[in-house]
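Listed after this line are the structures, all set down as structure tokens.
Next come two complexes, and both contain chain A; in the first it sits with chain B, in the second with chain C.
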Partner chain A sequence: MFDYRRELHGTVTILRLRGALDALSAPELKREIDALVAEKRSPVVLDLAGLELIDSSGVGAIVSLFKRLRQLSPPGEVKIAELRGQPSQIFQLLRLDRAFDICATVAEAIARLSK
Partner chain B sequence: MATLTVLEGSNAGREYDLPDVCFLGRSAQCDVRVGDLTVSRRHCKIQRQNGKYFVEDLGSGNGTYVNRQLIVREELHHNDEIRIGHSRFRFSDRSRVLPAIRDVQTTSLGASPGQPMALEQHTSIDQAIDTSQDLLLRPPDPHGSRSELERVYRRLQTIYAVSQAVSNILSIDQLFDEILKQLMLVFPQADRGMVLVLDERSPALVPYAARHRGASRDGVPYNPPREAGRGQVPQAVIEAVVHKRKAVLVSERLPEVPPRQITMTGVYQGSAMYAPLVASGEVLGILQLTAGPAQLFHRDDLDLHAGIAVQAGVALANARLHDRLLQQNRMHEELLVAEQIQRSFLPRVQPTVPGYSFYAHYDPAYEVGGDFYDFIQLPDNRLAILIGDVSGKGVPAALLMARMASELRVCALAEREPARVMSRVNRSLIEMGHMDMFVTAIYAVLDPPQRRITWANAGHLPPYLRRARSPGQVEVLHSAASLALGILPDSEYDESCCELDQGDAVVFITDGVIEAKNSHAEEFGLNRLARVVAQASSAGEILARILDQVGQHVGGAAQYDDLTVVTVGYTGATDSWTIDKTHRLATRRPPLR
Partner chain C sequence: MQARVTLQLRARLEERKAAEMQLRALCQLRGHPPPLCDQLISAFIEAFNNVVLHAYRDRTDGQVEVVLQLDDDAAVIELSDHGQNFDPQAVPPPVLDGELSEGGYGLHIIRSLMSEVSYHQEGERNVLRMTKHLRLTTDSPKASI
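Right, the complex of A and B next:
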């Protein structure tokens, strides 16, 4: 099972993911990412508190959000919050901490956004 | 006879006749086999007892749902939806369908102030079929007027023409147009007809085909605007037709309404009939017919209209199934081509470096995979060893892997240091612009006389080193690992190196090895892998043992990820360093599914 919820917090878009983001559910998230990019939503905070499982397709979807927002002008910003469990291990393995700004909480992510 | 129809998942559209006991799951032994990672090997069973059917979860990992409720054991009723993992099924047991409620409700539509009140008649769809059959089968009333007889005859002809069209025409556009034509012929008061189909992914109603009266007896086709679905059908009607599966007749009631208007978006005030397109109990769309100015539809018109809509629904379901089969065939062809391309990029021969041994095994989970490995002969008799995993699966991953492999060959010859090779490959990957793909890889260079391996790791699983001098132990070469390829344009890559002594072996794997699951969804895991590597004594034995142990672990469970292992062993000193490409590699070609 996978679902997501988009919330607006001032100018910050919070995307909360829940369940398993894998080859089967990634296309669903990709449609939402297409929408976020089309609407030039930035900054975006990904709340992964409810994310139980991620595979490479899921990481691919998150990476695509990151890459596509960066290509906007001015470049968009993505922060990741509440990364834990299996997704955290995958992020470490892929060294995604070198690409993403990973924050403990959503509040911290919002505070760390460049003003 | 009860049946199970796949609504979503592998073999969507397929219908299974249910035996007295039926197992659902990933295992090949199941009666209904589901190729879905989130489904357990034996996920649930459906069993018949005293003429009733029960579904029972068999301790599955992700549970069994009936009509969105998590269940342990539950009696099934006609039209219940069963979901396991990402697959959905419809249970049908026509022998136990309850008779339809046979009442005709007359209610007023919720009209807002200032708007004319509308009179609405619902007919439950089951009844609509029954009554239209009655109408046709009932012997004509000998005292009835001749025109009544003609009318019934014309209706019979319509039903016949529609069923002919349904069985002969496969193109759904053509078929809908033919149905609308027949409706225009049989209802002279009709002014406009439209088929609206529920989008398979979103709840939107999309106009598919439309006819207006024009100057012709059977109407003139026109292209309804795509957005016409929005606002075309009043919400209360959608509610009744789509959610309650009723045919609806809406008639204007107040005579003082301003002249009837038909706008391009089709908001109609007057007389209109709506009937659900149903197949296997599921509403697929709406068949809509609106009457011309000063014209009305009557109660028995609605019965015929609803009967035709049922035929149209079955036809739509058939056409969708047909399309899906075509698409599956096309995808299969595409996969075969991609597989050939991909195979051509894997090394066909094993490098021979005196004093060293090389073993590789590559086994894609599907026809094509995202894993790859390569051996590249470099200047100064050095040898590059490459292993990697492209994110995603199927054709796009395979094609990216093929590009990766050729890109790497170019970069390997252009740059000397592994870290610089990685940076260069990373930049080209970024330029290819695959937004949702990335690659994890290790690029290692073996310098045979120095007995040294230098590597850069881009987000890949670390290599393992088994030292001959410490038997039973294994070293994980954690050291520097950098960001996976294809994410940031300016990624930096770190290098690590190790020196090999006689009898030492280095093992490179992809995550398919550690993530190989048994029937309890338990992964092979890093610990098992470390144990297996520690117990083996040579590069060849390591590879053989890994495959053997992974195979034993997985048992009969299907393989869901590509699995690649490359091992390099230093067997002894020698003073001649040439690479001779003559031996075939120990790769196994998996059977095509």
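Right, the complex of A and C next:
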């Protein structure tokens, strides 16, 4: 099971992911990523509090969001919040915790964007 | 005592969940901590995805046999298929400190999380065997199954 919800917090787009982001569900998220990029939505905070599991396809979708928003002019920004459990393990293994700005909470991510 | 489960699954992504749940249940019953169970699950998922997406690419009739075997010393996950074989040695490790890549992480995840990984052919059958050596601490709650 996977679903996502998009919310606006001022100019910040919060994308809340829930369930398993894997080879089965990643195409669904990629369609939302297409929409975010087309609308030039930035900054984006990915709220992973409800994300129970991620595989390499799910990682690919998140990397795709990061790279495509960065290619916007001006470059877009993505922050990740509430990373824990198995997804945190995979992020550390692939050293994505160094590539992304990881925040403990969504509130912290928004606060950092405001600075 | 050893716990062993064999599953015959269709090679479809939707089928993976059944084996994933079995593996998590076995792991929890044996009292292994959640991070270790997560490691086994992650390796299994990548292996199963590879069978569906690569070995049986463009095919919907594929079958996968999954053997899950856990004892005090090791967790063994074995996947067998009759699809297209591949050479794991030909798959380069991803560049983790360079430009971010959107793919190529699957085999790296398996190799990093498991102690031993072997891949070979038995006739027309491809067999991926992944072993994780385990060290149960004395305070780990061991279940007898």
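A few points about this structure:
Going forward, the second predicted complex is superposed on the first by the 113 of 115 C-alpha atoms of A that agree within 3 Å, B and C clash if a C-alpha of one lies under 4 Å from a C-alpha of the other, contacts with A are read in each partner's own complex, and residues count from 1 in each chain.
The rule is simple: contacts are C-beta pairs under 8 Å (C-beta built on N, C-alpha and C of every residue); 3 or more make two chains touch, one makes a residue touch a chain.
In this text, all values refer to a predicted model and were calculated from it rather than measured experimentally.
Legend: residue contacts after superposition of the two complexes on their common chain; A:Leu24 is shown touching both chain B and chain C. Look at A:Leu72: by the touch rule set out above, it reaches neither chain B nor chain C. Applying the stated contact rule after C-alpha superposition, one finds that A:Leu94 touches each of chain B and chain C.
Once chain A of one complex is fitted onto chain A of the other, the partner contacts of A:Gln86 are limited to chain C, with no touch recorded for chain B.
Once the two complexes are overlaid on the shared chain, A:Ala35 sits clear of chain B and of chain C alike. Shared-chain residue A:Val63: touches chain B and chain C both. In the superposition on chain A, A:Ala107 makes contact with neither chain B nor chain C. Overlap of the chain B and chain C interfaces on chain A comprises residues 22-24, 56-57, 59-61, 63-64, 66-67, 93-96, 98-99. Of all residues in chain A, only 1, 20, 22-26, 30, 56-57, 59-61, 63-64, 66-68, 93-96, 98-99 touch chain B in the complex they form. Chain B makes touch with chain A in their complex at residues 36-38, 62, 86, 370, 389, 391-393, 435-438, 440, 458-459, 461, 481-484, 486-488, 491. Those residues of chain C that touch chain A in the shared complex are 13-14, 16, 34-35, 38-39, 41-42, 45-46, 49, 52-53, 94, 96-97, 100-106, 108-109, 112-113. Chain A makes touch with chain C in their complex at residues 22-24, 53, 55-57, 59-61, 63-64, 66-67, 85-86, 89-90, 93-96, 98-99.
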